[in-house]
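Same chain, two partners: chain A is paired with chain B first, then with chain C.
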Partner chain A sequence: MAEPALELIGTYVASGSPSSVSFTSIPADYKHLRLELWCSSLAARTWYVTLNNDTAYVYIFRSLLFSTSLSNSNSTGSNFGVYAHRSGGNGGTTIDIKNYADTVTYKNISARGGDYGGNGVHTEGMYDYNEGTITAVNRVDFSATTAINDGSTFALFGVKG
Partner chain B sequence: MSFELVEKIEVGSGGVSQIEFTGIPQDADELVVFFSLRGVTATNAYGSFMYFNGETSSANVDYRIGYGVNDLENVTYAADANYYNLLGIQGGANYDDTFGSCILNFKNYTASNSDDPVIIHQGGASAETASGQYCSYGIGNYKGGAISSFKIVTSNASNYAQYSTAHLYKLTYA
Partner chain C sequence: MSLVLLGILNSQAAAAGGAEAWDWLETTTLTSSSADIEFTNLNTTYASDYDHLLVRAETGNTGTSNYQQDLLFRINGDSGTNYDHNRFMNQNGTIANTDVAGQTYALIRDCVPGDGDPKKGSADIYLMDCFSTTKKSHWLAIHGGATSSESATGLTAGNFRSTSALDSLLFYSSSNNLTTGSTISIYGFKGA
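Right after this comes the complex of A and B.
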């Protein structure tokens, strides 16, 4: 049998209403990273992602929202926003970071998910777009506008390639 | 469940005109592809066309794709097309070192029980301006039976640039 190409790096289940979740010292042994979120907080549906604890103005992305109608928006900022839930219920999101460990390409980020209210969002974006540097990713942080509800689950996988 | 790498393609210096996977094993339930793509032309070449089983003139593909770019969002569809249109998955050469991306799933790719394979893609073209970013999501069917090979070419017949990558995985449910 071929070697498995998907390996669990770490899992975090929220307790004590944390304000953020971090995966640090991510090994560079894989080709891509995949993050699976099943989570909720008390308020907004948007979650904020940063890479390498970098909160400079280095994220750029566009989102396609499927709600009662189709809409899209773009943003640049100091974090990468993904939809994962609406207040009062969990939502799920899958995030892929391609070629995360190399130093020759800017980092693609894909996020797709939705919330219990029936809204689906697909977001594509890029990290480090205006710094002029290309950086390998070794850390991912998540936060919401309010405390993260206990039981929210975050799983980080490495994808071999 | 198992998730295994089938093949990887990493484009070298000089680029290539197409990226192709052939001889795809028929012993899994689903295929998953990770693309990171960039064109070599000075204009943005946001799309790629995907052909199946060596067919370039057949009419075996149906698809419907939602996309957003600038202040526009739209849905496009085609019936009996000869390719699947991977809208908005490719970075343009006028943005340094930016690569578009795509996650592609082929469900029921072996056409078990005579049902058609299902194509699902989500992608986006990176750009160093917010207005240039592209985002797309689509679903389609391939009506020509099991998928044993597929290839992509750029929509403007240019080359894929160095460091473009494609990784093909197979997923087995049981």
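Right after this comes the complex of A and C.
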């Protein structure tokens, strides 16, 4: 039987130039999470995502970057990098965190974004890539190397499946 | 730092209202390994309400390789040379692009972990205008996966050389069976 796939869990609009934003106590009521981000002009270029406030060396990702040419970016490290924009600000990004709520499933992360300058980024990765203990995700943190501009918006959705 | 206290904001979400454009239709999770996962009667069940489908696949195969394998699918059981696709990927740190015509299946590269674990890779496959009888089915897949030995990111655009309305989807791996726990969900999108 069909039922709505997406439910809004919470939103946040940046004010006071925060350096980080956290969604905490995320309910375990859904199959997947979706985050929709939009950064206002001249906001920090790269935002760093961590799950469960975990800053251990447990994130891996591969990116394809599109502008006037194609390039790539590869990393393993203590966070998952998301381009809020690549130049000039006014960028949007969608992040899917799959199977976030259980303790038996590795957490695939998929992000797609674009910006005012016509640049795009597609990133796929995994939390706990070194195949350690699988932990349910109940918190997502965003940080940036510079302040997140006021007016930047964050929306968190639960996805059924 | 700004903390978003979701317990408070849930009440706002409930008040948002509005028509839903994206619905969860059905999910299959394997309770034992199997050669494939098939969805049938899609046209008869969903064509009146939806124009496009999203398939979210999280599958593994029963092999022992710690590398990503491919997810294949067929529309309406068609095994003719009717599937074309173009993809580009970041495969383990290297960019690659491929143009393939006339395959006997649709292919989504490197999103099925080959080590028996179903949840280290995934693919979101958007099937546009799939119930139309005047447009050929086409799809865009956003896919990738990571194991301790290999990771990949990819985008694939594909085409099915038929104007038949989509009624069934058959998913299988490029090698071995699909593992227990492999899960595929189908979502419907409303459109013009």
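The criterion applied here is as follows: the second predicted complex is superposed on the first by the 149 of 161 C-alpha atoms of A that agree within 3 Å, B and C clash if a C-alpha of one lies under 4 Å from a C-alpha of the other, contacts with A are read in each partner's own complex, and residues count from 1 in each chain.
Basically, a contact is a pair of C-beta atoms (placed from the backbone, for glycine too) under 8 Å apart; a residue touches a chain by one contact, two chains touch by 3 or more.
Computed from a predicted structure; not experimentally measured.
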item: Three-chain arrangement built on chain A, chain B and chain C clash or fit; value: clash
item: Partner chain in contact with A:126 - chain B first, chain C second, else both or neither; value: both
item: First (chain B), second (chain C), both or neither touched by A:12; value: second
item: First, second, both or neither for A:110, with chain B first and chain C second; value: both
item: Larger contact residue set on chain A - chain B or chain C; value: C
item: First, second, both or neither for A:62, with chain B first and chain C second; value: both
item: Touched partner set for A:20, first chain B, second chain C, both or neither; value: second
item: Contacts of A:74 with chain B and chain C, given as first, second, both or neither; value: both
item: Residues of chain A at both interfaces, chain B in one complex, chain C in the other; value: 2-6, 31-32, 60-64, 70-72, 74, 96, 98-99, 104-106, 108, 110, 112, 122-126, 129-130, 159-161
item: Parts of chain B lying in touch with chain A, wherever the complex brings them together; value: 2-5, 8, 34, 36, 66-69, 72-75, 97-101, 103, 122-131, 133-137, 163, 165, 167, 169
item: Residues of chain A that touch chain B when the two form their complex; value: 1-6, 31-32, 60-64, 66, 70-76, 96, 98-99, 102, 104-106, 108, 110, 112, 122-126, 129-130, 134, 159-161
item: Parts of chain A lying in touch with chain C, wherever the complex brings them together; value: 2-12, 14, 16, 18-27, 31-32, 60-64, 70-72, 74, 96, 98-99, 104-106, 108, 110, 112, 122-126, 129-131, 154, 156, 159-161
item: Residues of chain C defined as touching chain A within the complex; value: 1-7, 9-10, 12-13, 16, 20, 22-25, 27, 46, 49, 56, 58, 88-90, 92-95, 117, 119-122, 124, 142-148, 151-155, 183, 185, 187-188
